[in-house]
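Note that subunit A is present in both complexes that follow, paired respectively with subunit B and with subunit C.
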Partner chain A sequence: MSTEEEKEAEKARKKAEKAKRAAEFAAKNPNGFSKPKEKLSKAERRAKQEAQRAAKEDKKIPGKKAPTNADDCFADGSNSSSQETSNMTSNNTSNNNANMARLSSSPQTLALPPPILNNSNSNRKQNTPPRKSSTASNLPYSQPPSTVDAQSLFSHLSPPIKPVVTKTLSPPPQTSKSIHPSTVTLCNSYSRFSITGSNSRCIAMLECFKKIIGDYEPPKDKVMSMDLTRVLKENFKVITESRVHSISMGNAFTFLKNLVTKIKHNEETSAAKENLLFAIDQFIEKTVQFASDVIAKEGSTKVKNGDVILTYGCSTSVKKLFAKALEQGKDFRVIVVDGRPELEGKEMLGYLQELGIHVTYVGFNSLSYVMKEVSLVLYGAAALLSNGSVVCRVGANGVTLVAGAYRKPVLVCCETYKFSKKVQIDAITHNELTPQPEEFKSEPNSDWVGVKYDVVGEGVAGIVTEFGIVPTTSVAVILREME
Partner chain B sequence: MPHIYSPTSESLRTYLSTHAHVLLALDTFLLSLRLGEFNNPSYSDIPSRPNEIPGSPSFRATDSGELKEEINKEGRKVSRSALTLKAMELVRSIVGTTKWTSAGELLIILEALGRLFHSSYAKDPCLSNTIRRLMNLVRTVEEDLKTPQPTPGALSVNTNLPLEGNIVPSGALSPPNNISRSTSTPSMTSAFAQNSNNTDLLYSNLDRFRSDSISMSETTTLTEEGPPNPTNVSGIARKLPGYFFSYKAEFRQMVMEGFQEVIDDLEEGRREINEQAGLHIHSNEIILTYSLSRTIENFLLHAHQKEKRQFHVIIAEGAPHFGGHVMANKLSSKGVRVTVINDSAITALMPRVNLLLLPAHAILANGGVVAPSGSHLCALSALANKVPTVVVSSLTFKLCPMYPHEGQDIMQDFVSPAFLGVGSESDNVDLICPVHDYIPPELIKLFITNVGGVLPSYVYRLLSEVYCVEDPIVFKG
Partner chain C sequence: MAALSPSPLSPEVQIVVADLLNFMEGSEHSDVALPVAAMKVMLNVIKRSKAITMTGLLSELEAAKTGMLGLAASKDICGFRSHIPLQSGCELFMRYVTRSFYEMSSDFELCIKEVLLRGETFAGMSLTARQSIAEHGCEFVREGQVILTHGYSRVVASLLKMAAEKQKKNFSVIVLEGRPEGGGARAAAVYAEANIPVTVVLDSAMGYAMEKADLVIVGAEGVVENGGVVNKIGTYALGITAKALNTPFYVAAESYKFARLYPLNQADLPRVETGELRFADTTTPEVEEIDMKKDLITVDNCVIDYTPAKYITLLFTDLGVLTPSAISDELIRLYA
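Entry: the complex of A and B
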C-alpha cells in the first residue's frame, strides 16, 4: 500500500514538473512550434489553425500579401543564408518537421513585404547567426523551416566526416595528458576511413587500448580501477569524436570497462595489466574472430550445391562463410551487388576471384534483374538491436526488400558481441552521414544527403550467430541469456 | 502508278521508288536508328559516357540536316517524344506524298513501316506503338466512312440494286443474298450519294463483290497492276474486309487530319499531364523520384512555377548513369529544392517521403510498367512504407498492347558494363548492367497520363481505344 502511495506521489510530482516545463516552454515559445504536435492542446491547435486561415485570407487580398512566418520572406531561395537559417531552425525540430509542415501549409512565393503577423520574435530570428556558429540546442525557440528539407531530417546527426589524408588530430588541451599517441593514430585512420567495418574497427580500438593499458602507470594517490576507467573513457571519447563509434566498439568498450572496474584495490599493477591484456586478447580471439569462424561453419550448412548466393557489402564472416563452403566442396556461385557510396563489393569481388568462385558483379540498380535467379541472400550486419532490427550497410534494406518480393531467403551474419540493447525502427533517428561525392556538384537549391547504415526491420529469415541460426526476434532473448 | 501489296521492306522500297526524297528520308531515319543515335534516350543526358560513339557520320544525306543538327546541337539529347515526333513526321510525309488508293493499301504501308522500325529499333516500343496507333486511326476513319448517317429511305437502295447487278461481270458468282446483304449496308448508298464519278463507283462495287465472291482470279487478271485487294495482299491486310480496298475521295483528307491529331497529341501530351500537377502535389511535400525523366521534370516544374507549390524533391541518383544528378541540376536551377541521395539510401529515406514519382519506358497491357532499372526497388520500398507510387507518363506512345509474359516481355536491354567501373580479365566474372526494370501493376497506385489519372487495372481498357486487336502486337516480318 505504501509503495502505491509513493507511486501516486511520484506521479503527481512528475505531472507538476511537466506542467511547469510546459508553462516555461509556452512562455518562451508562443507559437508552440518546437514541441511535437501531440503536445499541443486542442484549443492551441484550433487557435493556430485559425491564425493560419486568417493569414491565408490576408494573402488573397492583393497588395496585402503576408507570409505566415519569418522564413517565408526568404523563401524564394535565392538567398543562401536564408537556406542556412531554415536548416538551422529545423535542427531541433527535425522530427516534427513533417508534422509541422502539414500544419503550417504556407505557399511561399513572395519575398515582400516583411512579415507583419504575430511573430515579433521570429523577426528577431532572421538575425541569428548561420548554422556553423550555433548549435540548435542553444536556441531558445525554433520554428519550422519554410519547406520541409530532406537534409534537415538529419540535422540531429553530426555532419559527415570528409576523409582528409593530411588531417592530424590535436587532442583537447585539458585532457591531453591522458590521450595516448596511439589513440591519435587510430583517430586518424578512422577519420580517413582507412579502417572500416565493424569488426576491424573494434579490433583496432582494442589493440589501441592494449597499448594504453601497457603504458599505463597509476598515479600514487589514485585507485587503479577508477583512474584507468577515466583514462580509457577519455581516450574513447576522442576516438568517438573522430568518427561515431560502432555498436561493436561500444560493446567492446563496455566489456573492457567492466573488466577494469573489477580490478581489486590490493591487486598489483603489473598483474592487473597482464590480466587485462590477456582478457582483451581473449575477447579479440574468441568473441570476434572465433565467432566469425563458427558463423562461417554454421552458415555454410545452408549452402547447397548449385546455389546462387547474392551478397551485399563486404562482411568478414560472409567472406569466411564462402571460403568454408568452398572448402566443403560445395558448388555454388555468387552474385555481388554493389552499392554506392562505399562500393565494398569490389573488395568482395576481388576476394571471391582469388577463391576461384564464379562471380557476377552488378550495380545496385540491377538488384531486381538478378534476384530472380538467386537462391539465398547473405550479408553481414554491423549490429543487431534488441527489437530485432538489423543495422547494416546502407542498401541492405533494399536488398532485403527485393529478396522479399521474389520470395528469397535472407540470412544475416552477425557475431553476438554486436548485439545491442538499443532499439531503432528507422535509419533516420540514428545514423552516420557520408560526405557529398565529388561527381555531384551542388547548386544553391540542391544538396546531398548520404547515410552509412540501413536498419532492416523485417524480411530477414534468420541471423547466423555463433550460437546457431536464430530469428531476429530472438535477439532480446540472447542478450538476456548473455548477461 | 505503283501499288503495294505486301508489308515487306522490298515492296515498300519498290512502292517508294518514284519518290526518291521520301525514300532517302526513310533510309536516313532508319540509319540513325541503327546507329543507336536514339539509344536509351533516358540516359542520354549522362555527363560522361565512357564509350561514346563518335559523332554522326558525314555521309549522311542533306535531307537529314535537320536531324543531324538536333543531335549535334544537344549531343545525343534526343528525347523519346522527339524521336516519336520525328518518326511521325516521316510517316506523314510518306503517306502524304505517295499515291495509295485505299485504306487497305495505307495499312499495308504502315505495317511495312512498322516492320522496318521494329527491325531497326526493337528495343523501344514507341515507334511500333505510334504505327499501331496510326493503323487504328486508318481503320476508324474507314469504318466511319463505311457507316455514315443512315440515309432515310430504302428506296434509293432499291434503285441502286439493278445497277450493281449489271456491273458485276461474273454476277452469277455472287449469290442474291450477297447482294441484298451488301446493299443493306449503308456504305453502298453513301458511295452512291457522294461519288458522282462512275468509275469510282464501279471500283467500290467491284471490290465489294470481289471480297464476297469465291473466284477472284478471273476479275483480278483484268487489273494485274490494279489496286490491292484482299486476295493479292499479305500481312494483316489479308484479313481486312473488302470495303477497305475501295477508293473514297474524302478518305485521304480525313486520314491526314487524323495524323495531325496524333501529332498534336504527342505535342500536347505533356501539357495535359502538367495540368494535373496541382491535383497531386500539396505544399511542403517530400517527393522522391528516380533518375532522370523529362516528363517528371516538367510535371514538377509546372507544380512549382504555375501552381506555386513549395515542395522538396529527393532524387535518387540512378547509378551507374547518374541521371539523377542531371535532374537535380535541372530542377534546382528553376528554383525547386532538391536533395540527391545514393540509390542505396532510398529505403532509408522512404519512411519520410510522401509521394514517389516514377517515369515509364513503356506501359504494358496489364498495367505494369517498364521503368529504368532500379525503380522496382523504389516501388517496393514505397509499398512497404505505404507511400503512393505514381507513374507519370504520356500514353501516346508508351502504351503497349503486350503483356509482360509475351516473348520479349519487358524489353530488357543492356549497356556496357564499363559503367560499373570494374575491369576484369577473368572468365569467372560476369558483369551485367541492365537498363530496365519491370514494375508489376500491384505496386502502382496511379498513372498520371495525358488522358487523366488512370488505375493500372484500367490500362487494358485504354488499349482497346487506341489500338485495334487485329493489328500486330509485334511487327515481325
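Entry: the complex of A and C
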C-alpha cells in the first residue's frame, strides 16, 4: 500500500537526517554534552557558593535585584535607595566590612548579628532583621529566623488574580491556533469571578469543551484521539492560567481525556464526536445534576419539623435540599451565615426568600450568638479528600468548630465526582489566594492575605452523597468502589 | 413512624404474620433471634410464591416485611426492644436474594433454587453467628478481670460463657439491672449457672461501678452506618462513662444487625412504641400511690438510645473484630 511505503521512506529519511546532525555536533563539541570543568581553588569555590546563596535569598524578597557581589547582601536594596539612606548604608557597609573582617579572623567569637538597616524601600517591618547573611555562615549558631509574615507563609501559592475589568474580550498573549474563542470567553468569566462555585465552573468548562469538540476537525496525518487530547490539553492549560482549576474541574477533565483516548483509529470523525458530546451531556446530567437531586432527597430526611438549619455561603445541593424539604411539607427555618468579601450567602438568601422559607441572614461574627438555637448545620463542599478532609469555602471550618463547641451535628453535601485521591491536613499547602479588595488601602507595614478554601479535618458528622450518608472515613472506600 | 392502620391484612400477609408468631413462640427463652425468624418467614414466602420475575418476588417480600413490621409495632413481640433488627434482617435478606440473582446471570429459576438450598443455613444462623462472635471476643477477656455489662444479651452471654467454660478463665461480672424489664437479674442467673461470680447493681450505679471494671461489653439492637450502635437505654451513658474513665468499650453484634440508618443524635432515632413505665417495685411504697397521669407530668419510657462511634473501641461481629469505621465499609460493599 502506498501509505505504508510512504511511511517507510519517511522513517529512512529521518534516520539519515539524525545521523547527519549527530556528526555535525560531534565535530563541533569534542567533549560531547559535558563542558570541561573549570578548576577553581577552595576560596573561589566558596565565594561562588556564597554569591549563589545570596542571589537566591534576594530573589525571595519581592522587587529586589540580585547583588553583584557578596558584600552587597548587607546593603538591602541599596541599589535603588534614596539620598539619605545611601549615605547611611555606605557607612554601614564599611562598618559591616570591618565586622566581616573580624568575623572571618576569629570564627570562635560569639558575634552579634549585623546592625539592622532602616530601609524604606522594602516592605518590611522595622524590627525585621535582614535575611540570613551568607557571609556570616562561619558563626557557630544560626541567625534568628525572620518573622514569618503572612506573605511568606503563602509564598508558595501563585499570586492572586486581579479580576480584569475590561469591556472588550482580550485574548491571552500567546494564542495558538488550537485555542477556541469559547475558551477565551470562559477565561474572562473565570478571571472576573462571574462564574464561581465548583459545579458551575465545571459545567461551564464542559460546555466550552463541547464547543471545541464540535468545531474540531482532525488533520489528515494525525490520529484523532492523540491530536484531540493535545488540543484539549492546550485549552485546559489556558483555562487554568486564568484561574487555578478546582478539583471538580480536574476530575471532569480526566474523565474527558479518558473518553478521548478510547476513540478508535478507524472510527468516523462525526460519529466519534457525537459519542463524545453525548457522553459529556450524560456526565453533566447524571454525575453533576442528578447527583445533587439524590443528595437533596437523602439530606432532606434529616430535616425535621421545628428544625433550625444553619448554612454557610451558597451551594447547589444545599439549595435543592431546602426545596425538597419544603416540598415534603416540613416546617423549618434557615440561618444563612455569610463571609466577606465575596458574600456568596446573598445568593442563598435570595433563593430562600423566593421559596418562602423563613430565613435569617447573619455575618460571620454573629456565629456563636445564633448557634445555640440551631439544630443542624449544612453546607456544600468543593472537594473531598481521601483522608476524609473536606475542602470547602473559607470560613466553613470556623462554622464547623463553633458547631462542635455547641454539639450541633454538621453535614456536608458533596457529589462523588468531587472526590479526590489527594490528602491534605491543612489549608496552607494547596490553596488559592484572593485578590485584595478595593476598600483595603495598601500601607507600608500592612499586608492583605486572603484564601479561597478551607480544609475541615474533623467535626463533620457525615457526608451526604448520592450513595446515601457516609462517614468521612469512608471516602477512600467509595473511591475504591468507583473504580 | 410504623403506626400502621388496623386495616384488614391481605391473606398472604396474614399467613406471614402467623408464621412469624409461630417461629417466635417462646423465642425469648429459645436461641432464635427475631431477625432470623423473620428471614425464615421470608424463605417460606419464596417457597409459596408464584412470581415469575425478580421484581414480582421482591414486591412480595416487601409486602411481607411491611406486614411483619406492622405486627412488631402494634403488638409487643419484640419485648422491650426496637424493631430495628427486624427491619435490617429483612433488608439484608432481600439484598442477598437480589445479589444471588445477579450472580446467577439473571436466571430467575436458578436463583430461587440456590436461595432455597442455602436457606437451611439461615436456620442455624443465630447459633453460628453467636458462636463466631464468642470465639473472636473471648480473646479479649483475660484472667482475673472484672467485666461490666448491661441487661441480658444472649450474644454477650455466649461470649462470656465460652471464656469461662472452654478457655477456663477466671473472671467476674458486674451487671446493671436493666430497668424496666430487669434483664440484669436474668443475666445474673445465666452467669451463675456457668460458675461465673456476678454482682447486680442499679442502672444508676454505672459510674460508681465503672472504676472496678476492666472492660465493658454490651450487645446491640442495631449497628448503624457510621459505626455507632442502637441498644437498650443506658448504653449511651455507659459508653460516655467508659470513655471518661478510659475503659475499653466493646460491642458484640451479628452482621445481620447492620442497619441502613444514620442517626445524628438521639432525637434522630426511629421512635418505638413502648409500654407504660410503671414505678412498681420501689423501696418506698408511697411512690406507687402517686398519680402520674396529671396534666404537667409526662412519663417518657424511651427504651433505646444511640451510642456514637467515638465511644466504641471495637465491635465483635461474625465477620471478625471490626473498628467502627469498618462498618460503613461493609455496608457500602454490601449495598453499593
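Keep in mind that, in the parts below, the second predicted complex is superposed on the first by the 329 of 483 C-alpha atoms of A that agree within 3 Å, B and C clash if a C-alpha of one lies under 4 Å from a C-alpha of the other, contacts with A are read in each partner's own complex, and residues count from 1 in each chain.
Note that in this section a contact is a pair of C-beta atoms (placed from the backbone, for glycine too) under 8 Å apart; a residue touches a chain by one contact, two chains touch by 3 or more.
If you're wondering where the values come from, they're calculated on a predicted model, not measured in any experiment.
Superposition of the two complexes onto subunit A shows subunit B and subunit C fitting side by side, with no clash.
By the document's definition of touching, neither partner reaches A:382: not subunit B, not subunit C.
When both complexes are overlaid on chain A, the residue A:369 reaches subunit B alone and has no touch with subunit C.
When the shared chain is aligned, subunit B comes close enough to touch A:357, but subunit C does not. Put simply, more of the residues of subunit A are touched by B, taking subunit B and subunit C as the two choices.
With both structures placed on the common chain, the touch criterion links A:439 to subunit B but leaves subunit C unconnected.
Touch criterion met: A:431 reaches subunit B, while subunit C stays clear of it. By the touch criterion defined above, A:308 lies against neither subunit B nor subunit C after alignment on the C-alpha atoms of chain A.
In the superposed model, A:413 makes contact with neither subunit B nor subunit C.
Once the two complexes are laid over each other on the shared chain, residue contacts for A:325 go to neither subunit B nor subunit C. Remark: least CA distance from subunit B to subunit C after fitting both complexes onto chain A is 17 Å. Of all residues in subunit A, those touching subunit C in their complex are 302, 304, 376, 409, 411, 461-462, 467-471, 473-474, 477-478, 481. Partner subunit A is touched in their complex by these residues of subunit B: 47, 282-286, 308-312, 314, 317-320, 322, 325, 328-329, 331-333, 335-349, 351-352, 372-374, 376-377, 380-381, 384, 412, 419-420, 422, 424, 426, 428-434, 437-438.
Of all residues in subunit C, only 225-227, 260, 262, 264-265, 267-268, 309, 325, 328-329, 332-333, 336 touch subunit A in the complex they form.
Contact residues of subunit A toward subunit B in the complex are 75-77, 98, 101-102, 104-109, 146-151, 153, 338-341, 346, 349, 353, 356-370, 393-395, 397-398, 401-402, 404-405, 426-428, 431, 434, 439-441, 443-451, 453-455.
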